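For clarity, chains are labelled A, B, C and D in written order, and residue numbers in each chain start from 1.
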Amino acid sequence: MTTYIGLIPAIPFLGFLILGLYGQKMHGKIAGYIGTGAVGISAFLTFMVAARYLNGLPEIKSYTVTLWQWISAGNLNVNISFSLDALSLIFIFVITFVGFLIHMYSIEFMAGDERFSKFFAYMNLFVGSMLVLVLANNMLVLYMGWEGVGLCSYLLIGFWYKEPENGYAARKAFIFTRVGDTAMILGIFLLFLNFGTLNIHQIMQQAPEKWMTGSAIATVTAALLLGGALGKSAQLPLQSWLPDAMAGPSPVSALIHAATMVTAGVYLIARTHILFALAPVVQTAVAVIGAATLLIAGFSALAQHDIKRILAYSTISQIGYMFLALGVGAWSAAVFHFMIHAFFKALLFLGAGAIILALDEEHDIFKMGGLRKKMPVIFITYLVASASLAALPLVTAGFYSKDQILWYSFSSQSGGLWLWIAGIFGAFLTALYSFRMVFITFYGEAKTEPSMKVGKLILIPLVVLAVLSVLGGLVELPQAWGNFRPFSNLLHNVLPATTIHKKEGLEVVFELISATIVLIGVYLAYLFYIKKPWLVKSYEHSRLNEFFYRGWDFDKVYDVLLVKPIVWLAEIDEKDFFNWFNTGVSKVALFGNRVLSLTQNGKLRWYLMSFAIGIALILTYMIYR
Amino acid sequence: MLTVPLKILLLFAGTLFLLGLAGLLVRRNIIFMLMSIEIMLNSAGLVFIAAGRHWGQPDGQVMFIFILAVAAVEVSIGLALILQVYHHYKTLDVDAISKLRDHN
Amino acid sequence: MNIFFYIAATVAITTTILAISRRNAIHALLNLILSLLSISVVLYLLDAQFIAALEVIIYAGAIMVLFIFVTMILNIGLENKQEKKWYNPRMWFVAAFFAGILFLDLILAVKNAQIQPVAAQVIHSKQVGISMFTTYLLAVEIAAVLLMAGIIGAFHLGSQEKKVMHRFLEKK
Amino acid sequence: MILIDLIIVLLIGAILAWITGKWNSVLPRIISLAALVVDLFLIIPEVVGAATNQTKWLVDIDLSWIPAFGINLHLALDGLSLMMLLLTFFMGIVSVIISWKEINKRVGFFHFNLLMTLTGVVGVFLSLDLFLFYFFWELMLVPLYFMIGIWGHKNSTAVAYKFFLYTQAGGLLMLISILALYFIHGQTTGVYTFDYLQLIGTKMPASVAFLLMLGFLAAFLVKLPMIPLHTWLTEVYSEAPTAVLLSALLLKTGAYGLFRFVVPLFPFAARSFAPVGMVLGVIAILYGAKLAFAQTDLKRLIAYISVSHVGFILLGIFAFNEIAYQGVVMQMLTQGISTGALLIMAEQLSERLHTRDINQMGGLWEKVPIMGTIGLIFTMASLGLPGFGNFIAELLVLLGVFKTNVTAAVLASLGLVAAAIYSLRILQKVFYGRKSKNWEIHDLSIREKLVAGSMIIIIVGMGLFPKPVLNIAKPVVLKSLNTQNDSAFLKSQESKTKVMAENTCFLKPLNR
């Protein structure tokens, strides 16, 4: 059992090493098979581990494996060690399983690319780092995985490096997340100074004993960790890197910028939920940030033309939901939504990637249209995923996960009406933009002809994910529907249950409201984008929509507030003003030399004159002294 | 017996000295400069004599003799140099002979 | 007696001014000779007869003759244009300024000086000679060496038969 | 005797290289490589000892040299100097290998200088006699001056002057301090000696100690180099030949000096200097980063990166706790390697492209993928990505500083963000983007790959398995911290006024 835990991240790393060292020499798709195989083995091991873990419940709630001692300096002792519990189990399941499907898809998607083997090397490195992140039982090891995925994100966004824009997008992503990471490492320092250990388990045990609820130190620490989570998960105010990150290949967007890495923030908060519970202010901030982000990103998604940017804003918005759930203490709901979101969002990205591939790099949905008949499989899977995203009642997994969040946002202890209103309005927006995307892309007249048919390796993952997007929700039914909640029961081994202080009977009412609103949203999308497009013509071209299109001008704000001053600072002092000191000294010396050698002009009478002046001065001084 | 106060004598010698100095500063012709130097040397000797007389010591006169010797040597060397300079540069302008200048 | 001194002093200063301000070298030199002669009168009045004689013989005689010789050798005795060009009246202001400052200093210094009125004594040349060859013997020897050096130097520099320039004066 | 052997091998190698260089250009290279390899093998057995021996010096040689002045040939090896020596020999071998084909002018003399510099460096790391230390300290300079001046790029003579003047000025100030320490110790105890171990704990008034410490600091901070004394470094990096990664080694001598001499000899003065030191460290980190971001000359950029990294060393030294000190040791090693590797890359690029301007580069990944990968790895290392040694170093330093001074740690950690900004700029400008020109360049040769590969292995190894390094450093770190505790004890024992009274008598000549 414990051996397997170590192997799960090790095998993708091995794959990375092999591909990195020998990938250049591999012919055809061998590199792809190796990369996929490595993740596949990890996924297989995950299933084995999961089976054993479920078997061991409820006696053994977590397993730990220590590989080696990493750092030991003073009282800082850090081991490279992993621990598996329900929370990390769900995460590694999503990472390896969805990761495996995306790898498989990539074999065909990336075929023919000159850096085919590099791609799989990076992807494997990413999977390995992500597994380290979620398996870590130590804040520093977690941080290592955390930065590792950041590196892979950077490498893969900038994978097509020949376009400078891609490189800049990658850099932006890295720097934005790095800002959050720095806050996080300071939070880790604080944890170490207060607890003398970085072991997550020990910290979580000691924290309630040492820290008062709402104390300053708890608040600061939680806020710093939240900083890291915000950066990684693209939440307000560090969200603007994610839409640009779509410059990477579609499988990358699917794996890193939808399914796994961006949800690392969710994982971090869930993992350190005790700290957040000790800092109610920060927890409320999490909820508010989540609510604000989901609305802002929802409006922006509605304004986009690029299919991948729609999905990117949608991702930000959906992670906003997860943050909302975390903020109101609905831990398992957040993780549930993470899992379901991973399924349907990965599917959406893969579908979008397939469309883009077939249409020769066409990203604009207004230039697609009518693809329903030309790509039936993609259409159906895409439709399913969009429905799941929009949380179409009863038939989709998204309904179950999102409604749980909405319900808790109202009913939990720290929830409230306003959070719920934000959530439900977000749900309406989600329905609207997701079906806007579907209708514009697949209905109407065809504007671009597909140039190729996509193959099996692309379609199989789509279908599998589509099935999961429908059936995935059945692992957790709403409380009012009977007590079939295996998912949260599993998680309650790690995370506390959500306390509800409203009447449980209300849940059905709220579900009906949200179902109605989603259906209205879908209908409106149908009305606006198929039946009567002129209704929204004026809105589409309004200033407000342009503003949303630019992502609420966050980039402009950062540009003016940070980028411009820094660049200005850099430019005014490029030559390093301390050099003035050096050149100053030598210039003064040279000037002195020149002035003094002027006096030595070879004119005898000039010398005599200076004698006379000198004598006059000295005598005058002596006499008048 | 001369009863002019020593102060007057000193002023007289000083005046001569300053005249020599002024001549040195004003003239560009080397011969005139050499002459001015002679005037200055002479006035210095005058002070020695006056002082020696005032104190009743022979040293002032001894010094005058030394000054005389120095002046003689200086003039002979100086004039020889002037001859050479004139042969070389065909001028007696002291400003034209500025080889002592620092070349930078 | 004092009147002679004032006359001699006036003559000396006047002729010195003329000596340094004449453009004609011969005129200037003749004025200088006059000046030296009147100074020798002053010396005589100061009871330094031997020194006065030396002044006449060596200064006004030998040294000035040397000057006149050189002036004549170089043929710059007559007033020439060069001298006019070089003769910059502006320099007079500068020189007069500094000389004036120094003169003021001198007057102040002399005025403030407190000289004890000692009865002037006559110093005979005998005393001078004794002093020279006892106290100042070494200095006399050095002066002799200096004169020797002057003679050799003048000989060396003044010898024009050789076409060789002195190395300090050679053109680079 | 092994310590003397180390120095003698290098000296003999230097002389042989010069002599053989007169008639053959390959022999000097082989000779200097051999000398360094021999030294490396001589020192390796000590590593085993270092892992077990935790208290005393590993090797300690104390021979009489000039007894009249209390000067001894006192060489000693402990964990810190052992690691520094390993780094020295490794970097020495690397610089011989990378200059194998690149240096063709006066090969013999080049290798003579190279080995002489290394002799100085080795001596500095080993000597425990302040006079001997100063001797080796100055010995490093002269050959390096020639190396920069003769084999550098077009502006190198001026740069060599600048380098020499800066370091020499600092060195002379240190000499004054050494002599003052010598006399103060001699007058208080009657024993005139330059021996480090005896000079530790010399009693003197705080103000005098502070002044003497400033003298030492002047030498070490110039070498480090600390802002505002860093400008020589940028020019040396940009104008000197590749083998100047020797100068990257020289930076370590500065850090080593702070660690070995300033902190133990002047524990209280160092503590009272700590706030200033920390401020300087923070300034170095941020200002270096800012300038690195602004540069267009690749090598100058790397120089500023190194200035920024050195800030961490400074910061850590003035934190005075074990974690920070471990971080400092780690930073000395990793920074030497990562900056060295970046410099090598920059030199290889500028040699191939004949420009160092990053605005003229771009899209090079396509042409030189291996070089790009290596550049990527080392930029990532230098921005402190976990998994590389630099991360451990920066983490430990920041954590240690965080314990003593939260503000400084927070400001310094901004350096991590800044590091991301400037490092990624290198990648973006050099390797990413469109090709600015159709470069006709070849990728790394086997020789270059070997060098880069070994450096990667070391830096990743130190990132994943830093424990051996930390273990070896531990006794040294504890020792230098203990010295402070001992003298704290001493201080509490003796009343301060008494010491003052005792000492004022011999201070009079100094005050004059």
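Here, a residue touches a chain if its C-beta (ideal position, glycine included) is under 8 Å from a C-beta of that chain, and two chains touch if they have at least 3 such contacts.
Predicted model only: the values in this text are computed from it and were never measured.
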What pair of chains has the most C-beta pairs in contact?
-> B-C
Note: subunit D sits from subunit A at a C-alpha centroid distance in Å of 39
Would you kindly tell me how far, in whole Å, the mean C-alpha position of subunit D lies from that of subunit C?
-> 72
Rounded to the nearest whole Å, what is the centre-to-centre distance of subunit A and subunit C, using the mean of the C-alpha atoms as each centre?
-> 101
How many Å are there between the centre of subunit A and the centre of subunit B, using C-alpha atoms for each centre?
-> 96
Which positions in subunit C touch two or more other chains at once?
-> 94, 98, 102
Among the residues of subunit A, which ones contact at least 2 other chains?
-> 609, 612
Multi-chain contact sites of subunit D, meaning residues that touch two or more partners | none
Got a list of which chains touch which?
-> A-B, A-C, A-D, B-C
Give every residue of subunit B touching subunit A within the complex, in rising order.
-> 21, 24-25, 28, 33, 94-95, 97-102, 104
Which residues of subunit A touch subunit B in the complex?
-> 593-594, 597, 600-605, 608-609, 612
What part of subunit B is in contact with subunit C in the complex they form?
-> 1-7, 9-12, 14-16, 18-23, 25-29, 31-32, 34-36, 38-39, 42, 46, 49-50, 52-62, 64-66, 68-77, 79-88, 91-93
Complex contact set, residues of subunit A against subunit C = 609, 612-613, 615-616, 619-620, 623
Interfacial residue positions of subunit A with respect to subunit D in the complex = 20, 24, 68-76, 80, 140, 143-144, 147-148, 151, 154-155, 158, 161-164, 166-168, 170-171, 174-175, 178-179, 181-182, 185-186, 189, 192-193, 566, 569-571, 573-574, 576, 578-579, 581-582
